[in-house]
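What follows is a pair of complexes built around chain A, which joins chain B in one and chain C in the other.
This part shows the complex of A and B:
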């Protein structure tokens, strides 16, 4: 027998493929190292070296949490939950029409309204609720209302995106059956599409509500009321035991809301 | 013919809450809560009326953004944000791959599983902003604190999804590799890695996108990046610069989103 026409050891990729993949990896590593250097041009490494001591210092100041502060936190907690829930409701009210305009099978105009609705969804999604709150507090003054509107504006993108995807995935046969009975456009929506997306809609809403609870807890940092306002106040006067207490309350709320949302979603879907 | 025993119009039965008592109870409870919650809102109408003119100026700033007068600050912030995004995503991936493998039920022993799961739970429970506050207090102002924050947040996100993905793999393939007498490392390399790699790349790209968005936020508490620039612009009431920054963020997020969805389709 002459030469072997197969390699002694099996490999997943041809040499050319592995070379391409290694070049890609090398490029990524080089880019990362370069970014690291650009980023740390102004970093003062003495502060970084000092960090463990700082951490130990803050840690010792934070313990134990100040339990007597808890009653003062109940009212901000109620505010936080209200901001999240009212904001979710506002977001839903604004997002539903946007989602129907953005979905390919329900939009009245593919050329104008759909791109506009998609831009609205992307714009709302790319700006965090904290930035919305920063703007709104500057415009209308500190308070719960700014927080509610900030949460609502941020929720449009999330609910709108997931909802329009759900609308595009509806079973066309059901819609056609309703159309065949001579239903009007509104009736097609009500009897053909809405029943199919309703479970998804509730799931998305509860999911967003859960995220909104997390976000509304910190909105107060920029003046939009709730627990974050207390956090900001305690941080400003360096009252670390109070900070620990607030963080425990936030943690408990977040865990509880996640539990509620997971249960509701598994009950619906 | 006597009375009709069927209705003339058909009414769709309720889909989710089928019990009448529950439906009424929930609706009444919701109405009571709504009244209570709305009464605590207490909007200050005179302040809002004052702010209206400022709000219109912001809208004008958004329509006629001013990129030039603060361009130095904006470009510095952007460079910080982008470098922070990339380095923290890469560092996050490097750390979260071993944690993700450890947190998968079907790969490691139980004690490693519990350690890795508790790391994930801790990273997911703390919001970026709160982590950023602590890192800024420890490491000083600037993008290094932001880098650490985003890395910390990336670990929780990526490890959890990676672990779930590893738990969902096709066991038959792992079994087949094991049957050839492969070591643990070879099982990871030839049975698990090829199955989860496309999704890991997809998740990493998604996280890159999220990290950029978050880098715009953590600057508000002093962790560097475009968020710090934005915060300054709003504090100075320079709404035209703020509008320009927001437009840049939206544009970059759009590019990242379309780019990553294109790349994911290309890779799969």
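This part shows the complex of A and C:
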């Protein structure tokens, strides 16, 4: 038997591909250098040199936080939590049908309804909740309701997108098996798909609620109620110790909501 | 009695998965469908309950048509056809009981099934079936807590809950170890025997098919190339179905498997199973 000879050399990429990759990296580095240069051109170096002193100055004025301001913050804090919670609920109610319309395996019409649902999701995601709130305050006047709706509208995109991806990832064999029993469309959803996406659903919802707590804390800046209103008031009168106090309250709330969301998620998986 | 006449399925890609297949399965007969991967076995059984839409041809079950009927009629006919899957296809996050009761979905309305308020007779039937497949004490466990063999037993109970007139079985043992495979095959054959149920069993494992099936149909490239008893499945026939291969070596393996099987049986008797 004659010995076959095998190539002794093997490369993952052809020379042309390697060259293309190196060119790409070179371009990226060149771009970074250029951006750095543009940035420096427009910097007033006197201000930068001054920055540590300014920071120390504001820092000293912010310290210590004004603890006596705390009782005044409790009611706006309650408002903020309500905006986040009600907004999340509104978002969920609107997002669930959108997600089922957008998912390839559950949409009644691939040609018309799916693109429409995807557009809704993108539209909702492309606008920050602060902008939604700005619009809504202009339309319906300042107040909590504008905040709730702003949070709700922004949440549709987030929940809708993650949920429809979860729906598309379900085990198709189980759905096929339920179909084979002669189940109706609604029954196939309820027995084949819903149990499979339920953990994802709760995880997404609690995660979004956690994000919404943070977002609703600043919605007051544009007049949509909650802690942000107090923040703006304090900033306007340069009451730095109050600003520190508000930030501490926001931090505590976010830590708490993180803790809740982590626990809920570990409980359902 | 299942009648398939001139069944053809051409996929959108242009692949002709089935080419003028005609087949009839009388009451109580268990047919093994063998053939290489891609021969159209899976497409054939999925055309019967129309999980795959046939391109042309006619299928009837007990004289009632399965092709050319509306969505409502199709659902009513699907109830009469139990299906068992290779990867069990249970809804993993539902309990064993919910999985078995899902076999009744075609018979109960949406709200009843949504609220899990199944009729008493359905619940009794479900318990009886769980007892029959040996999973009485697992009813409230989640399906993903069970072993492979146990999951397939749940799959069998779900299919039987439909009170089917025909069983479609797609590679029931491909995800199981050899010992469990034999136990599952034996259970299937027993149950079909008890109820006089006709069944079509897609099966990769030729020795297993020869051991358990009454009749074997060989499919190659979408056509039936053999239809006979297990004894008639000679080397020449296997070569016709699968192409050339050393069948004698495989036979020898079968003898060993049979010995192992007898061993399993002794073991089970010893354990009082």
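Note that in this section the second predicted complex is superposed on the first by the 234 of 269 C-alpha atoms of A that agree within 3 Å, B and C clash if a C-alpha of one lies under 4 Å from a C-alpha of the other, contacts with A are read in each partner's own complex, and residues count from 1 in each chain.
In this section, contacts are C-beta pairs under 8 Å (C-beta built on N, C-alpha and C of every residue); 3 or more make two chains touch, one makes a residue touch a chain.
These figures come from a predicted structure and were not determined experimentally.
Comparing chain C and chain B on the residues of chain A they touch gives the larger count to B. Look at A:30: by the touch rule set out above, it reaches neither chain B nor chain C. In the overlay built on the shared chain, the residue A:54 is in contact with chain B alone; chain C does not reach it. Of the two partner chains, chain B and chain C are each touched by A:195. When the two complexes are overlaid on their common chain A, residue A:174 makes contact with chain C while staying clear of chain B. In the superposition on chain A, A:148 makes contact with chain B only, not with chain C.
Applying the stated contact rule after C-alpha superposition, one finds that A:252 touches neither chain B nor chain C.
Residue contacts after overlaying the shared chain place A:74 against neither chain B nor chain C. Comparing the two complexes, residues 191, 195, 198-199 of chain A contact chain B in one case and chain C in the other.
If you check the complex, the residues on chain A that touch chain B are 12, 28, 31-32, 35-36, 38-40, 42-44, 47-48, 51, 54-55, 58, 78-79, 82, 85-86, 122-123, 125-128, 130-131, 134-135, 138-141, 143-145, 148, 191, 195, 198-199, 202, 214-215, 217-218, 221-222, 231, 235, 247, 250-251, 254-255, 268. Chain C meets chain A in the complex at residues 49, 51, 75-81, 83, 85, 87, 89-94, 98, 102-107, 110, 113-114, 155, 158, 162, 168. Remark: chain A residues 171, 173-174, 176-184, 186-187, 190-192, 195-196, 198-199 touch chain C in the complex. Only residues 12, 15-16, 33, 37-38, 40-44, 47-48, 50-52, 54-55, 58, 79-80, 82-84, 86-87, 90, 125-127, 129-130, 133-134, 137-140, 142-144, 147, 190, 194, 213-214, 216-217, 220-221, 227, 230-231, 234, 237, 242, 246, 249-250, 253-254, 257 of chain B touch chain A when the two sit together in their complex.
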